[in-house]
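In what comes next, subunit A is part of two complexes: it sits with subunit B in the first one and with subunit C in the second one.
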Partner chain A sequence: MSYYLGLLQLIGVHTLLGLSAYVLMLTGQLSLGQAGFFAIGAYSAGILTVIFELPILPALLAGALIAAFFAFLVGFPALRVKGLMLVVATIAFSEFVRLFFFNLSWRVPRGDIHVGPDSTNGFREIRYFVANGWSAWEITTFVWIFVILVMAALWWMDRSRAGAVLRAVGEDELAAQSAGINLTAVKVTAMTAGGFIAGIGGALYAHTATYVDHLTFTVLLATFAISYPILGGLSSVFGTLVAVIFIQGVLVEGLRFLGDWRNIVFGLLIIAAMNLKPSGLFDARTTLLLRRSVGLGGRE
Partner chain B sequence: MIDFVQNTVDGIMFGSSYALLAIGFTIVFGVLRRINLAFGASIMLGAYAGTWLHVHYQVNVLVVALTTLVCTVLAGIYVERLCFRAIRRDAALASMVSSFVIWMQLEEAAVHLLPERTYAFPSFFVAGSFELGPFLFRGEQTTMLVLAALMVGALHLLLRHTRFGLALRAVSESPRAAAYMGIDTAWVMLCAFALVSLVGGVAGFAILATDEQITPFFGLWATFKGLIAMMLGGMGSLPGAVLGGLLLGVIEAHAQWYLGNEYKDLSAYLLLFAMLVLRPGGILGQRIHGREALAFRRV
Partner chain C sequence: MLELRGLSKHFGGVKALDGLDLSVREGEIFGLIGPNGSGKSTAINLICGVYAESAGTVRFSGQVMNGKAPHERLRAGIARTFQNIRLFPNLTVWQNLWVAQNSPRDVAAQGFLSRWFGATRRTRRELAELLELADLGHKGDELASNLAFGEQRRLEFARAAAARPRLLLLDEPAAGMSRQEIEDLGGRIRGLRDSGVTILLVEHVMELVMGVTEQIAVLNFGKKIAFGTPGEVQRNEAVQEAYLGTSASDSGAAGEGA
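Coming up: the complex of A and B.
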C-alpha cells in the first residue's frame, strides 16, 4: 500500500512540475529552467524546516516564493530570447542552479549530528513528516491538496480573461501586442507563476523524499517537466495530469519488470507518441472527439 | 603574465575539441533548424563500442578509432531516422524532446555494453611534452589542436568547393528553394547527419584519448560543451562555432586557474546566459539570428 501512496505522491509532485511548464507554454515560451526553480523550492523549504525548524506550511510557501522571485529575475532577461535560444538559456540557468547546490555546504549542529545541505553528499535530513508523525495517507492528501488547488486555479484562469491573454501571446505575439497586451508583463508574470508552482512542487518533493542532491535536478528532470504538457497538449490542465499518470504511472512503473532495459523501451514509446501526435496526445481534435463521446458537446 | 599566456594556450588547445563539437551542432542546426540533443550520446555510444573492443580483445588504437567513428556515424543515422526524418518539419519541439529521449536510450545501451563506472581509453601514442621558451605544450593536446585544424580545413573545402557542400548550403538557406532546384533534401539531411557524426566522432576520440578514460557522463558533457560553444559563437555559423569553441576553452582554463575547479563549469554557464541575453545571436550569428527570430517565433 505504501508503495502506491508513494507513487501517488510522486505523480502529484510531477503534476505540479508539469503545470509549471504548462503555464509558460501557454505564452509560447519553452523553458528547461523548471528543474532549477524546482531545486530552489526544494532546497529553500528543506533549509527552512531543517535548519530554521519552521513548520511545513510557511516553509513551503517561502520556498515557492523564493523560486518565484528567481523566476521573476530570470523572466526579464529571458524575454529577449525566444524559441530554441530560450531553451538553451534556461538550460544554462538550471545547470547553474544545480552547480550552485552542488557546491553549497551549510551544516549546523543538531543534537549530536550535523544537519543541512552537504555539497556533493546531498541534503539528507529533511524529515519533517517523519519527525511529526505524519502517516503516508496524510502526506499523500497534503500533496494532492496542493495539486488540486493549483489545477483549480489554472483551470479557472484558463476560463477568465487572463487565460485568453496568455493564449493570445502564445498564438501570435505581434497580434497580441497590437491588441494592447503588454508582452513584458504577461511573459514575466507567466514565468513567475511557473516558478511559484515549480517551487511548491520542489518543496513537497524534498519533504516526501526526505533526501535531495544535485543529481535530482538535472536537465533530465527539466525534460520531463516539458514533456508532460507537450504530450498532454495545451488545451487543458487535465492533459498534463493524464500525461504524468501515463509517463510516471504506466510507463516508468509499468516497465519496471524490464529492469535495465526500461529506458530503451521508454524512449521508443515516447518517440512513437511524438511521431503520431506531434502536438500532444490531447490536441484540439482529440479533445473535441472525447467531449462529444461523453456527451459534453464541444466548442468548435 | 606567463600563467595568463600558458592558460590561454591550454584553453585554445582544449577549446579546439569544443569547436569540433560545436560544428556538429551548427551544421545540423543550419540544415534542419533543429537542435540534436542526442549528439553527445551518439558519440559516446561510438566511443563505448571502441572501448568494448579494446577491453575485450585488446585491439590497437587505430582499430578503436575506426570503430568509434563508424559506430558514431551509425548512431547518428539512427537518431536522424527516428527523431528528425519521421517528425514533421514544423514540429521542432517534438524533435528536440525525442532527441533527448534518444539520449537516454543511447546512454542506456552504452552502459549495457560496459557496465562499470570508468574504463581506460587508449591514448594516441606516448607523446611527451615540449617546451617553447617558458611555455609548456603537451603532446596529446597539440595533436588535438592539429587534428581539429585539419578537420576544420577539410570541412571548409567540402562545404565551399564541392557539389555536396553547395547542396548542403542551399538546403540551409531554404529547403523549399533547394528542393525546387532538384536537390534531394532528405538525402542531404541524412548526409549532413553522417558528416557531423564523423566530426563528432573525431572530436570524441581526441578528447577521450587525451583524458585516457571514459565514463557514462561523457555524452551529456559533450552535448553541453558543444551547445554552449555553438551558442557563444552564433547558431548556424561555421567560423562562429570555431570561435565559440576556442573562447569556451580559454574562459574555462582561466576560470579554473584563477577561481578554482568548481567555478569552471559555473563560469561557462554564466557566460552563456549573459551572452544569450545581451547578444542572442552569439558573436558571429546576429544576421542569422534576425532571420531565425522570425521563423522561431512560435517554436
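Coming up: the complex of A and C.
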C-alpha cells in the first residue's frame, strides 16, 4: 500500500513540475529551468523546516515565493532569447542552481547530531512529516490538495482572458504585440508563476522524500518537466496530469517487469504517442470537442 | 493626425525607406501605393513600431512615437492588419477579439479582475457587435484556423477594430480576394472611417485604392514620387513610369499595373 501511496505522491509532485512548464509553454517559452526552480523550492522549504523549525505550510509558501523570485529574475534575460537559445540558457540556470546546492553546506547542531544541507552528501534530515507523526495517507492527501488547488487555478485562468492572452503570445508574438499585448509583462509573469508552481512541487518533494541531493535536480528532471505538457498537449491542464500518470505510472513503474528492455519500450511508446497526436493528447481541437460534448461551450 | 518626417529605414546598404514625408489628416482614407519592394510595408512596420527607424520621426496626434513598443503605440491608438494574415489560430474567433481589447478606455472601464479573469456584460455585448459586423456572428466558438480565407481576413479586420484604434493601418487587405469580397471590404473600410477611424491603406489592388481613398502617396525605391487625389495620381507620368517602366499614354494603365 505504501508503495502505491508513494507513487501517488510522486505523480502529484511531477504534475506540479509539469504544470510549471505548462504555464510557460502557453507563452511559447520552452524552459529547462524548471528543475532549478524545483530545486530552489526543495532546498528552501527544507532549510526552513529543518534549520528554522518552521511548520510545513509557511515553509512551503516561502519556498514557492523564493523560487518565484528567482524565476522573475530569470524572466528578464530570458526575454531576449527564444527557442533553442532559451533552452540552452535555462539549462545553464538549472546547472548553476544544482552546483550551488552541490557546494552548499549549512549544518547546525540539533541534539547530538548536525542537520542541514551537507554539500555532496545531500540534505538528509527533512523529516517534518515523520517527526510530526503524519501517516502516508495524510501526506498523500496534503500533496494532492496542492495539486488540485494549482490545477483548479490554472484551469480557471485558462478559460479567462488571461489564459487567452498567454496563448496569444505563444501563437504569434508579433500579432500579439500589435494587438496591444505587453510581451515583457506577459512572459515575465508566466515565468514567475511557473517558478512558483515548481517551487511548491520542490518543497513537497523534499518533504515526501525526506532526502534530496544535487543529483535529484539534473537536466533529466527538467526534461521530464517539459515532456509532460508536450505529451499531454497545451489545451488543457488535464493533459499534463494524464501525461504524468502515463509516464510515471505506466512507463516508469508499470514497465519495471521488462528489466533492461524498459527504456527501449519507453522510448518507442513516446514516439508512438507523438506520432498519433503530434500536438499532444489535448490539442485545441480535441479540447474544444470535449468541452462541447459536456455542454460547456467554448468561451470564457 | 499622423505625421512622418524624413522617415528612413536602412537594411545594411539597402535603403528600404528613404526620407519619407507624409501627413494623414484625421478622418480620411489615405492610400499608400507603389510597386513591389518600394517600401510600403516597411513604412507600416515603422509606424507601428515593429522596426526601429534609421532616421526621421513618427508623430501621432502631436506625440512623438519613436522608441515606443508596438503595444504602446496600439494603446496610443494605432492598430494594424498584416499582409499575410496573422491570427491566433488555436484560439476561438471570440478569444481572438477578446485578447485585443487593449484600448485605454477598455483598460480603465474594466478593473483588474474583470479585465483579466472575467468578461463584463459590456465586453460581451461589444464583442458580439464586432462579430456581427464581421459577419462572423455564428462562428464565435470556432477555432480561427477553421475559418475560410475570407472569414480570416474579416476576423483580422475585426480584431484590429476591437482595440478601438483612431488610426488603422491596412497592409494589403485585399490580397487574394475575389471581386465580390473586395467590394465588401471597401464597404467595411468606409464604414469604419464613418465611425471615426482614420485609415492608411497599403494596397496593390487598384480598384480598391482608387475607389475608397481620398489622398494617395506613391512610393518607388523607398522615396515618395507622387502625391494627390486618385485622379491626379493616375495621370501622373512618374507614377506610370514606376509601374510600367516607360511613359504610357493610357492613364488607366496604372490601374492594371498591379
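The rule we apply is simple: the second predicted complex is superposed on the first by the 279 of 300 C-alpha atoms of A that agree within 3 Å, B and C clash if a C-alpha of one lies under 4 Å from a C-alpha of the other, contacts with A are read in each partner's own complex, and residues count from 1 in each chain.
Here, a contact is a pair of C-beta atoms (placed from the backbone, for glycine too) under 8 Å apart; a residue touches a chain by one contact, two chains touch by 3 or more.
The model shown is predicted, which means the values in this text are computed figures rather than measured ones.
Looking at the shared chain after the overlay, A:Ile145 reaches neither subunit B nor subunit C.
Within the superposed three-chain model, A:Val87 lies in touch with subunit B and out of touch with subunit C [touch as defined at top]. Contacts of A:Gly28 after superposition on the shared chain: subunit B is touched, whereas subunit C is not. In the superposed model, B is the one of subunit B and subunit C that contacts more residues of subunit A.
Look at A:Arg161: by the touch rule set out above, it reaches subunit C but stays clear of subunit B. When the two complexes are overlaid on their common chain A, residue A:Phe100 makes contact with subunit B while staying clear of subunit C.
When both complexes are overlaid on chain A, the residue A:Ile230 reaches subunit B alone and has no touch with subunit C.
Shared-chain residue A:Ala176: touches subunit C; no touch with subunit B.
In the superposition on chain A, contact of A:Arg285 is made with subunit C only, not with subunit B. The residues of subunit A shared by its contacts with subunit B and with subunit C are 171-172.
The touching residues of subunit A, counted against subunit C in their complex, run 156-157, 160-162, 164-165, 167-168, 171-172, 174-183, 235, 283-285, 288, 292, 297-300. The part of subunit C that touches subunit A in the complex is made up of residues 48, 50, 69-71, 74-75, 79-80, 82, 86-92, 94-96, 98-100, 102-103, 115-119, 140-141, 143, 159-160, 163. The touching residues of subunit B, when paired with subunit A in their complex, are 34-35, 82-83, 86-88, 90-98, 100-102, 104-105, 107-109, 111-112, 220, 224, 227-228, 231, 235, 262, 265-266, 269-270, 272-273, 276-277, 280, 289, 292-293, 296-299. Partner subunit B is touched in their complex by these residues of subunit A: 28, 30, 77-78, 80-85, 87-89, 91-93, 95-96, 99-100, 102-103, 171-173, 219-220, 223, 226-227, 230, 260-261, 263-264, 266-268, 270-271, 274-275, 278-279.
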